[in-house]
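The data blocks that follow each hold one structure.
Shared chain: subunit A. Partners: subunit B in the first complex, subunit C in the second.
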Partner chain A sequence: MLLSYLLLSGVTTGALYALVALGLVVVNKATGILNFSQGELFMFSGFIAWSLHVQLGLGYLPSFLGTVLAGFALGLTIDRVAFRPVKSSDVIAIVLATVGISFVLKGAARIIWGGKSDYLSFPPITSPDPIVVGPVLIIPQQIVAFLGAVAIMLGFAAFFRYSRLGKMMQATADNKKAATLVGIRTDRIYTLAFGTGAAVAAAAAVLAAPLTLLYPDMGFSFFIKGFAAAVLGGLASLPGAVLGGFLVGIVEALAGGYIHSSVMEVSAFIMIMIVLIVRPTGLLSFYQARRV
Partner chain B sequence: MLEVRHLKVSYGLTQVLHDVSFDVPDGKIVAMLGGNGSGKTTLLNTLTGLVKPAGGSVMFENAECAGLSAYDLVRRGIVQVPQGRDVWPSMSVEDNLFLGAVTRHDRAEIRKDQANVLELFPKLMPKLRRAAGSLSGGEQQMVAIGRALMARPRYLLMDEPSAGLAPAIVSDMVDTILALNERGLTILLVEQNIGVAAAVAEHAHVLQNGEIAFSGPAAGLLDDPAVLRSYLGR
Partner chain C sequence: MALLGRRNVFLLLAAIACVVPAFANPYHLFVANLVLIYALLAIGLNILVGYAGQLAFANAAMFGIGAYTTGLLQVHFSFPFWLAFPCGALVATVIGLALALPALRLSGLYLALSTLAFAQFTQWVFLHWEKITFGAGGFKTPRISFDPLPISKPVGLYYLSLVIVIAFVIFAQNVIASRIGRAFVAVRDSEPAAASLGVDLLRYKALAFGISGFYAGTAGGLYSQMLNFVSPEGYDLFQMVLQKAMIVIGGIGSIAGSLLGAGTVILLLEALREVKGAQEVVFGGLLVLFVIFLRGGIVSVLRRYVAGWDEPLRNPQREAEPDAPPIAATVEKPAQ
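Moving on, here comes the complex of A and B:
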C-alpha cells in the first residue's frame, strides 16, 4: 500500500516537475539561457489561479485557461523587460536579468496577496477522500493533476512535431543563422519561447495548486526540481525533460517514504550531481547520438 | 539587377569591407573570389540581412535594400545558401524544405516547388523522413540549396557551395549551379575554389582585405597569373 501510494504520489509530482522543466527547456533551446524566474512564474501563476477561482468565483477550467493566458502574457513581458534589452550582452547579464525578475515576481506576490509567510489554500476540485482499489491507494486529485499534465505534454509534443510555429521554434533552436536566412523572424520566436515557457509553468501551477499550499517562496523549490529534471534530460531535450521530471518525482517520493522526509528536498540535488558526473549530456544523449 | 555601391561594413572598430562596388546583372552567374579573411562571407551576410552595413547602398530592382532584415530580403527574392550547409540536423529533410518556404502562404505552390526540388535532387526523395544531420555532405548541400529554392528566390547567393565536398560531388554541384541558372536564377557565387568559379561564372571579382582588387570576365581573370599569385595564393 505504501509503495503504491508513494509511486502514485511521485508520478503526479513528477509530471508537474516535468512541466516546469519543459518551460525551462523551451526557453533554453530557443535562446540558450536558463530562465531563473521559471519557479517564480509558477508561484505567481498559482496565486493568479487562486484569485480567479477563489476571489472571483470562476470555475476551475476557466481559472485554468485564464491563468495560462496570464502566464503567457507574463512570459512576453519578461522577454520585453529582461531579455531583449540585454540580449546582445554577456550571458551572465541575461541570466542575472532573469534572477532579477524572480525577485520582482516574489515581491509583487507579497504585495498583491499579502504573503508575509501566510499560506493560501486552493480548494480541492475533487473529493479529498482516497479511493482504495485492491492494493493501490488512489487520491482523485492526484489523478486529475497527472492526467492534466500528461495532456499538456502530449499537446506540447504535437505542437513541436506538427505545427508550423513549433517547427520554426525548433529550427531557431537548432541553428539560428539558418533560421534567419530562410526568413524566420527569430526575435519573435524568442518572444514566443518565453511566452510558451511561462504558460507551461502556469499550467503546472494550476494543476499543482489543489495539491499544495500557495506561498511566495514556493517557486524556488519547484525551480530546483524542474531544473534537476531538465538537467537529467540534457537541458535541451523535451522528451528528456519529461523523463527527468518523472524520475525526480518518483525518487523524491521513495526517498521521503523509505529513508526520511528530510531527504526529499536533497534528492533532486543528489540526482543533478550524479547525472553531471556520469552522463553530463543528459540521460537521452545516447539515443540522440544514435539518431544523428 | 543587384547594384552594390560603396558598401562599408565594420565589426566594432574593425572595418571589414571598404567601399565595395559591383553589379550582378539579371540572369547571370557572378563569382566573388578571395582567400580566407578577405570579407567574402561578410559581404554575403550583408547582402542577405545578417549584418547591417556601416555605409553604402544596395539597390535591388531600383529599390534600396541596404540594412533590410533577412525576412524582407527573402520576400523580395534574395536568398542565401550558407557556407557549411547549415541544415537543421535534428529535423527531417522534408521539414528543412518546408521551412524554406516559411515566408510564403500559397500551400499548393509550395507543394509544387517541393516536387521541383525533388526533381532537381532525386537522391533526396527516399530520404525525406530522415534527419538532415544524418545525410552525407553532398546530400546536405542539396538540402540547403533545395531549402533556399523553396523561398522562390530570384537571386541566389551561394557561400562556398563546394567547400568540404569530394571532387566527384563538386562536379555535380557545378552542374546544379548551371541548371539553376538555366532555369532563370541569377547567382552570386562566393568561392575559394577557382575551378568551380571558372566553370560556371561569366564575370568575376577578387576581394582582398575587404576591397575589390580585380574585376573582369571570369575566364580572363582566372587565367591571369598575377591574380592567382597575388590574391588567391597560387
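Moving on, here comes the complex of A and C:
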C-alpha cells in the first residue's frame, strides 16, 4: 500500500519535473546555455493561472491556454532581454543575466501576489476524495496531472518529429552553421526555443498548481529538480529528460517515504552532484568527447 | 600616480573609515561594518569568478559555513571567539579546497549547477541537522568583549573588521600581481592553453577556491559576531545574488571594483530594507543591466575617464568598449 502510493505520487511529480526538464533541454539544445530562470517562469506562470482561474473566474481549460500563451510571451521576453544582447560573449555573462531575470520574476511575484497571503491555494479541479482500486490508492488530481503531462510530452515529440518548425529547431541544434546555410533564421529559432521552453514550464505549472500551494520561492526547487532530470538524461536529450524526470520523482518519493520526509528536498541535489561527478554526459550517452 | 587614482582614493577612504566611529550613530556604524564584511566576500568571489574564471555559486554557503562554525564552536564547546573565528575561516577554506575537485572535471554551466546544488545542500544541513545547528530558528552567539581596551563591542568589532579588510585587500593585490594571479587568468582564458604552458590546473583551481573560501569564512565569522545571531536564511540564494551583483556592479576581475561594488550594493540594500520583493527586483534587474550595458562595471567607467585606475591583469574582454569585438565571439564553439 505504501509502496504503490509512493510510486504513484513519484510518477506524478516526476512527470511534472520532466516537463520542467524538457523546457531546459529545448533551450539548451538550441542555444547551448541553460535558462536559470526556468524555475521562476514555472512559479510566475502558476500565479498567472491562479489570477485567471480564481480572480477572473475563467474555467480550468481557458486558464490553461491563457497561461501557456503568457508563458510563451515571457520566454520571448527573456530571449530579448537576457539572451540576445549577451549571447556572443562569455558564458558567465549569460548565466548571470538569466539569474538576474529569475530574481526579477521572483520579486515581481512577491510584490504582485505575495501580499494576499504567503501561500495561495489553487482550487482542485476534480473531487479531492481518493479512489481505492484494489490495493492501490489513487488521487484523481494526480491522475489528471499525470495524463496532462504525458499528453504534453507526446505533443512535444510530435512537434519535433512532424512539424516544419520542429525540424528547423532540430537542424539548428544539430549544426548552426549548416542550418544558416540552408536558410533557417537561427536567431528566430533561438527565440522560439526560449518561448517553447517557457510555455512548457507554464503548462507544467498549471498542472501542478492544484497539487501544491503557490508561493514565490517555489521556483527554485522545481528548477533544481528539473535540472537534475535533464542532467540525468545528458542535458541535450528530450527522451532522456523525460526518463530523468520520472527517475527524480520516484527516487524523491521513495526517499521521503522510507527514510525521512526531509530527505525529499535534498535527494535531487545529491543526484546532481553524483551524476555530474561520475557521469557528466548523462545516463543515456555512451561516448562523448570532453568539451573544453 | 594620478591624484584621483585608486590608490589615493582608497587611502582617503581608509582614513575616513578609521574615524567613522567617532561621529557615526550605531546604525551608521552597523552599515559601515556590513560594508567591510561584504568587501571581504566580494573580493573572495571576484578572485574565484573574475580572475580564475570559475563560475561557482557556493560563496554564500562558504559564508554560512564560516558563520556557523564560528558560532557553533562558541556555543557547543565554549571556545572563545578568538579561537572559534580562525577555526571557522579554516573550515570554510578546507571545504572550498574540496569543491575544487568537481571543478577539475566540470566547467561553465555544469560547475555553476553543481556548486548551486552544493549550496542548497548546505542550506538543507543548516535547516535539518537540528541537534547541532538549531534548525530554522537559528541560535544566538555570545558577545565578545574588548575588555582591557576602553571600547564597546560594535566599535571594537568595526576596527577588527577594518584591519582585516585592509590586510586582505593588500594580500589580494599581491596575489593577483604575482605568478599565482597570472596563472588564474591563464586558466580563465583557456584551460588547455594554460595546462600546456605548465600551469597545474588542480593546484591553481584549488588555490582559487581555497582563497575565496577563506575570505568568505572570515567574513562569516565577523558577521556572526556582528549580529550575535546565526540562522539559515542569511546564507540563501538571495545572499548569493547580492554577492554576484557586487562583483558585476563593481567590476568583474578587479579588486578595486569589488570594494566599490560592495559599498554600492550595501547602501542600496539598506535603502530598500523594507520590501523584500523590491530588493529582488532591483538587484536582479541591476545584474541584467550591468551584464548587458556595462560589462566592466563601475570600475571600467573610472578607468576610461580618470587616470590611475588601471590594475594589473585587467580583462580587456569584459571592458565596456562598444567597438571592440569580444574575444569569445571569435572562438568557434565545438559542435554538439
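Everything that follows uses one rule, which is that the second predicted complex is superposed on the first by the 280 of 292 C-alpha atoms of A that agree within 3 Å, B and C clash if a C-alpha of one lies under 4 Å from a C-alpha of the other, contacts with A are read in each partner's own complex, and residues count from 1 in each chain.
In this text, a contact is a pair of C-beta atoms (placed from the backbone, for glycine too) under 8 Å apart; a residue touches a chain by one contact, two chains touch by 3 or more.
Model, not experiment: these values are computed from the prediction.
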Inset, instruction - Mind checking the superposed model to see whether subunit B and subunit C fit together on subunit A or clash? - result: fit
Inset, instruction - Look at A:Y5 in the shared chain and tell me whether it touches subunit B only, subunit C only, both, or neither; answer first, second, both or neither. - result: neither
Inset, instruction - Take the Cα centre of subunit A as the vertex and report the angle out to the centres of subunit B and subunit C, nearest 10 degrees. - result: 90
Inset, instruction - Pick one for A:L181: touches subunit B only (first), subunit C only (second), both, or neither. - result: first
Inset, instruction - Check whether A:K167 is in contact with subunit B, with subunit C, with both or with neither, and answer first, second, both or neither. - result: first
Inset, instruction - Once the structures are superposed on A, label A:F159 by its partner contacts, choosing first (subunit B), second (subunit C), both or neither. - result: neither
Inset, instruction - For A:F227, select first, second, both or neither according to whether it touches subunit B, subunit C, the two together, or no partner. - result: second
Legend entry - Comparison of subunit B and subunit C by subunit A residues contacted: C
Inset, instruction - Working from the superposed arrangement, determine the closest approach of subunit B to subunit C, counting only CA atoms, in whole Å. - result: 6
Legend entry - Intersection of subunit A interface sets (partners subunit B, subunit C): 174-175, 291-292
Inset, instruction - In the complex, go through subunit C and note every residue touching subunit A. - result: 49, 53, 55, 102, 105-110, 112-114, 116-118, 120-121, 124, 128, 191-192, 237-238, 241, 244-245, 248, 252, 275-288, 291-292, 295, 317-318, 326, 328-329, 333-336
Legend entry - For the subunit A and subunit C complex, residues of the former touching the latter: 29, 32-34, 81-82, 85-86, 88-93, 95-97, 99-111, 114, 173-175, 216, 220, 224, 227, 231, 236, 262, 265-266, 268-270, 272-273, 276-277, 280, 289, 291-292
Inset, instruction - Spell out the part of subunit A that touches subunit B in their complex, as residue ranges. - result: 164, 167-168, 170-171, 174-175, 177-185, 288, 291-292
Legend entry - Residue ranges of subunit B in contact with subunit A within the complex: 48-50, 69-71, 74-75, 79-80, 82, 86-91, 95, 98-100, 102-103, 131, 133-134, 147-148, 151
